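Scrolling down, you'll hit the structures one after another.
The same subunit A turns up in both complexes below, where it pairs with subunit B and then with subunit C.
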Partner chain A sequence: MNAMQPPPKQKKLSLKERYAHLTRGLGWNTTYQPMDKVFPFADYEGIKIHDWDAWEDPFRLTMDAYWKYQAEKERKLYAVIESFAQNNGHLNITDARYVNALKLFLTGVSPLEYSAHRGYAHVGRHFVGAGPRIACQMQAIDELRHAQTQIHTMSHYNKFFDGLHDARHMHDRVWYLSVPKSFFEDACSAGPFEFLTAISFSFEYVLTNLLFVPFMSGAAFNGDMATVTFGFSAQSDEARHMTLGLEIIKFMLEQDEANVPIVQRWIDKWFWRGYRLLALVSMMMDYMLPKRIMSWAEAWEMYFEQAGDALFNDLSRYGIRKPKYFEVASKEKHRLSHEVWSTFYNYTQATAFHTWLPTEEEMTWLSGKYPDTFDRLYRPRFECWSEMEKKGNRYYNPTLPQLCVTCQIPMIFTEPDDPTTTCFRSAEYKGERYHFCSDGCKDIFCYEPEKYIQSWLPVHQIYQGNCGGAEMKDVLAWYHLNFGADNFDYTGSPDQKLWDEWQAQRSANAV
Partner chain B sequence: MTIEIKTNVIQPRRQTYGNVARRLGADKPASRYDESMFDLQATGVFHYRPTWAPEYELFDARRTAIVLADWHVLRDPRQYYYGTYTIARSRMMEAAEKSFSFAEKRQALTGIDADWTGKIHSYLLPLRHYEWGANMNNSQITDIGFGSAITEAAMFATMDRLGIAQLISRVGLILDGGTGTSLLAAKDAWMASPAWQPLRHAVEDMLVMPDWFELFVAQNLVFDGFIYPLVYRQFDQAGMAHGGAALSPLTEFMADWFEEISRWVDGVITAAGKESEANRDLLSGWTKAWTARAVEAVTPLAESVLGDGAAEAVAEIASQLGQRVRRLGLQA
Partner chain C sequence: MSGAIHRVTVEPLGQTVNVAEGQTILDACLRAGIYLPYQCNHGLCSTCKVTVVDGEVDLGEASPFALMDFERDEGRALACCARPLSDVTIEADIEVDPDARNCPVLDIETDVVEIRNLSSDIKGIWLDTKGVTFDFQAGQYVNLRLPGIEGERAFSLANAPSEGLLEIHVRLVPGGRGTGYLHEVLKVGDKLSLSGPYGRFYIRESAEVPMIFIAGGSGLSSPKSMVLDLLGKGCDLPITLFHGVRRRPDLYFAELFEKLAAEHGNFTYVPVLSDPQPGDGWTGETGFVHEAAVRHFDGVFKGHKAYLCGPPPMIEASIRALMKGRLFDRDIHTESFLTKADADGPSRSPLSQRM
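What follows is the complex of A and B.
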């Protein structure tokens, strides 16, 4: 170019063109190194992309604006976190039982935020198109934000309650936490397109209202100002992540017809994988919140059955149908939370949060929300266990449960059409028999057996002697679970004792 | 006199998380940096091998030849976590925005000599692609690096490089009246101009480098160690005689950033080198090899701007980098 001449008369760029110059315009096709060496993971999943430039940026955010908005949100969030700590905000929650939802969140969900950060960094490096790469990088740093701000938000609770003290360590070892852990490692170990289908679409777009939101709404309903402030602060990030999820699906579907069956299979897989993970949320919503937001069944109806219908109608023009086994999930909605909470009640000796039996008032609520199932199937169980407790014979399940090889949840779920019969499925692979909780989990295994035979199944590992020792106490020590403090029922726990003292002190002051 | 607000005093049962207490050697109040940095990454017991690298675990220390007993020694001396990082950058950006709006409003860049404006087009604007390469390289370190200490800071560096690429592009958009022609020309130069090819060649070689720690050395220590002093100091100074002072406020962000990021780079290299002679040998070897490459890559660029003074300028930068590297305990 010759800079001596005045710039030729050209039209000024539109905002969209300007954004393109500031993002995808930065990329180039390499010539000193072959493109397939620079981007080695572009093809191996079988997804065909003919024109990366057809990618529509789901949001237009340059780094100057990103830094500015995010810094503003961080300033506000940390001001609230500090004020919460200074004023002992934990005293204002509805009841100390609520904190158990936070324990589940910090040990089960926050580590996933970190995994998402690394997963998006991977895709943010390896997608061929610079536009989607930038969207992924922004999500990568957002997810780091969420992991870090959650740790900072919960830090105050950790000072006063048990079970929050070693989240990462527990996430990697404790039996029920292998459910979320294996879910996310399944996604991160997949190729970049499947990762985005799994996390951006299935998890963030389709299911986020059933995962992230119930925890945050639970915080709002139960007086937890710190956590709900985090939730509000993350909301605009989540909105960006959701638009990325929808955009990547549409992009793959529009690029080549041959992508449709691949994407459909991923949607089927990740719907079921995500739904199984939500089993933990279902019990949180129905049993762990002292003040409930809505029942699991209501949430499922609103956020999956209704919202999902609209979404999949919209995607049907690409040849995409609703995820396989969605009807099984709907059949299970009246029993899921009860089956799961009962299991944790059975294994309270090995959980890093407290359990309890629902009070009479809570059972009345559950009867109202689950008129067809609760009184018939689950109330009698709770009443029986309550009787046993009163006689000083609290029921513990002393045997380790069989786990589903895919979702790693104990085999506690029941036949889709018969809630009184446990559902068992199995398949043989290379001379070994593998067990599953459902057709959904079996299908996932059978499509990629080489992947799932690698599953690190906590119960198998305990029996093989890889978890600290042969006695339960050895295993719990290996989990870093403080025996007699983190585990067992809420009643009689150090959490309860202190909470009652704090409340007594407060009411004494009030005179 | 002091006033005293009466509050209920409630004794905390513990001061920090267990993993942090073990690292600090006692349960004592921990910084926000420590609480949100230590142990975020899983280090053992993985379920599935990545289908994209089945010879490794999802996170695997064997992805570099550097060996550390504890990867958390690669601390960030700036102690950035997401909150402090974004707040620091938004402050720097606030100052940059003032400079940009001044330059736009007063058309300050039109006062630069036409010759020199041409040089700015040709030496500064193609660097947006260099920055994009650095973005990809730091993204790679975030992806396959080991431990939350280094990967977290690499994530911040990833976004920094995108931000800087965008700032350079905005200079172009001021120079071309918001039409984007300067950016298209800069891309042509990056792709085809002989002066840029050795640098682009080196950047593309970095993009396929398997060892992420070597990549860290090549990109963040060596190449940045040449490009930043050369462009934002030497070229900037050379422009003063041609009215180029008007450009300086627009690249002040980069000069400040380089000073800041060097603290991180130096901290990481020092900690890794301190661990063993084997690490020091690796780091020294990489530094030497990439320094030779960088001299070769920036020389044509320096010649196009500084003419006869180029060799001396590059030699001076090389010598300063050598001093810096020796200060970090390596051989230059």
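What follows is the complex of A and C.
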């Protein structure tokens, strides 16, 4: 070994130089094994990369700085969570119905953070370029942190409210949670380039404001300061995640012209997959928040139609057009949330959160936000169900719904140009007929039928006897859903009983 | 507004901007043409983090999760929230452009020594700096202050930096107060005060690749300065200049560029008329200027540096053509000629922020 000479005193490295050492300095061409064996997923998607060094690091965060930041974020967040618990922060929320939005988030979204962790850890191993590898590895750690901090933030509510006790298990089994679960598994089982297009670009960049903002603003509007603080602690990571999404798209488009149609197809697919997933958010915004932020239609206009216009105008310079069927999503914006909430009302016996009919005041808000559709199409439905409730004949849908093979949502959506006719599409593959909720979902299936015929469709699985038994109670037990506590309407639930007791106590104390 | 102004020096560029009372550092930088990376613009995402090397700032409403306590102790700030409390030097995470010479900005008074019609609606104006050495990079612009007219008017310099007089080209904007003054009131012997040089539109000589200049109308000024500068320095890389105008009488300096093309084997001059008249006797290129560029290069632009100067629709069309020909934003440099009346263009996404 050579004696080490003390290096000459040098000017402190710039952030760019330090980051270059962390990334490019850690990459090398392998010699014991050929590169294509070391990186087996680099080519099969058809994306051509000629120069990995042309990757422009969208952010430059060194590992030492990363740990320091995240440690301080954790300290701050856990201090807030702690004081929230000590001060019984749950008593300050607007109404106990709000907690149902958290139930949906914890069972539907937090497990996706964990899936994202796994997905980024996977592709962070498989990119040939060290720049995107490091970016994905850091994001993998972020996502794990998000999953953990969300669970810790919401665990306080689990001490008092039902339906929050086994989110991870429910995510894998409960019928409507197969919608987010299958979405992410579709992405994770794709190649590394498609994964980043799906999650970093389409989801984290194009659609994230429609997921994150409604939940976090919803928390702020409804007095849930613990969840709001979690939102702030995550948002400082999200900026990094979004820029990774932009950079991967730009990089693929600039590296080779042949990448353009592949990227376009992925943008088409993942726009539609993401949009369908957001159907759950639409009903949360319009029906589940006691104090509302804005309507789904307004959010769609602001975050997709306006912001998306600017983005896709810029992308058109690369030969990329707006995602296929974006106009269908805009046509659906005045009906989406109503169709989805009605469905959950139908199946309240099998949901891990409570449902309710909108109050008269809430219906007034909805007709104001949806002047062309609500009074004409949906109010009569709610009024009919309300009448039935009053007569002691609450409507339950007794049969299991047909599911769309691609998005796994029941076939509840309507024709793009006719909100009174259910939209049915189907395709035949190897002698079997498959059903879809939309042209978007059908196209996705038809391009990769071998992938989607393997879908684990909850309704089919129940009928095949794979979900705990033949009776609804058996299936709910298999879901770990506590019958009579987690499910059914908010009215008459243990949640409501507890909340009303607290309110009564509070007014008694005030006297 | 009390009018208090602090000067903020942005390292590693070494450029200085004025920040008005209450204005954020980010806002002042963006308005002065210095691009700092940013995203949320309200203190949450931390993309615009800078180091305050000297002076004092108010950190504003930076989120405690976006700007950590230890970072506050280390003198970090978020440019989107920080407001200077004194003159300040910040260090931002921006790359130093090896081709930026950072010529000092001067406020000078000049004498108008010549005014000449260049085309049907463009005048050339020549200014004497009266012994002051006014150093600039070919492609940069100056701000003119016109008597009795509020605000400043920006004009690119059309002369090569080595030439003695400053030269600007002024197209008469119908109803425009500034250009109306310069066309109709200004006369030889008048004085004009100006400040400059400004702008980041200059030749990236360190790239050492063939260059394409696309000029529209009076957007010829910067490319003229750049081409003269390059040829004057003995540059032997291929240089192609496209100049698009409507009709033959709108074309100017054609003889100069034809002469240069004859003298320099590496220089090609392509004038383009979008609306030639029968009387023009035109046999050259017709159509939009970017279409002529596509024909000339057979649609392949990869491996060049492109410099675009002209009205926004020409810039946009040219960018699309260049990108279709596989030339991307790091190799496309633009100077949009906006008039005072032009509203903000279509909103852009962060994807194109570098251009």
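Convention: the second predicted complex is superposed on the first by the 495 of 511 C-alpha atoms of A that agree within 3 Å, B and C clash if a C-alpha of one lies under 4 Å from a C-alpha of the other, contacts with A are read in each partner's own complex, and residues count from 1 in each chain.
The rule is short, and it goes like this: contacts are C-beta pairs under 8 Å (C-beta built on N, C-alpha and C of every residue); 3 or more make two chains touch, one makes a residue touch a chain.
If you're wondering where the values come from, they're calculated on a predicted model, not measured in any experiment.
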### Task
Based on the superposed arrangement around subunit A, label subunit B with subunit C as either clash or fit.
fit
### Message
So in the superposed three-chain picture, is A:Arg376 touching just subunit B, just subunit C, both, or none of them (first/second/both/neither)?
### Response
neither
### Query
Should A:Lys48 be classified as contacting the first partner (subunit B), the second (subunit C), both, or neither?
neither
### Query
Which holds for A:Arg60: it touches subunit B only (first), subunit C only (second), both, or neither?
second
### Partner chain(s) touched by A:Lys68 [first = subunit B, second = subunit C, both, neither]
both
### Query
Touching A:Ala167, do we find subunit B (first), subunit C (second), both, or neither?
first
### Query
Given the superposition on chain A, which partner contacts more residues in subunit A: subunit B or subunit C?
B
### Task
For A:Lys181, select first, second, both or neither according to whether it touches subunit B, subunit C, the two together, or no partner.
first
### Task
Considering only the touch criterion stated at the top, classify A:Lys473 as touching first (subunit B), second (subunit C), both, or neither.
neither
### Task
Would you check which partner chain A:His152 touches, where first means subunit B only, second means subunit C only, and both and neither mean what they say?
first
### Least Cα gap, in Å, left between subunit B and subunit C after the two complexes are fitted on chain A
11
### Message
Going by the contact definition given at the top, which residues of subunit A touch subunit B in one complex and subunit C in the other?
### Response
68, 72, 77
### Task
Please give the residue numbers of subunit A that touch subunit B in the complex, ascending.
1-4, 7-8, 10-13, 17-18, 21-22, 25-28, 30-33, 37-38, 40-41, 44, 62-64, 66-68, 70-72, 74-75, 77-78, 88, 91, 111, 114-115, 117-118, 121-122, 124-126, 130, 133-134, 137-138, 140-141, 144-145, 147-149, 151-152, 155, 158-162, 164-169, 171-173, 178, 181-182, 185-186, 188-192, 451-452, 454-456, 480, 498, 502, 505-506, 509
### Query
Which part of subunit B faces subunit A closely enough to touch in the complex?
7-8, 10, 12-19, 32, 35-36, 39-52, 58-59, 81-83, 86-87, 89-91, 93-94, 96-97, 114-115, 117-119, 121-122, 128-129, 131-132, 135-136, 139-140, 142-144, 148, 151-152, 155-156, 158-159, 162-163, 165-167, 169-170, 173, 175-183, 185, 187-191, 200-201, 204-205, 207-208
### Message
Which residues of subunit C touch subunit A once you look at their complex with the stated criterion?
### Response
39-40, 44-47, 63-66, 68-70, 93, 95, 319-320, 323-324, 326, 328, 346-352
#### Entry: Of subunit A, residues touching subunit C in the complex
15-16, 59-60, 68-69, 72-73, 76-77, 232-233, 235-236, 238-239, 242-243, 246, 250, 254, 257, 306-307, 309-311, 313-319
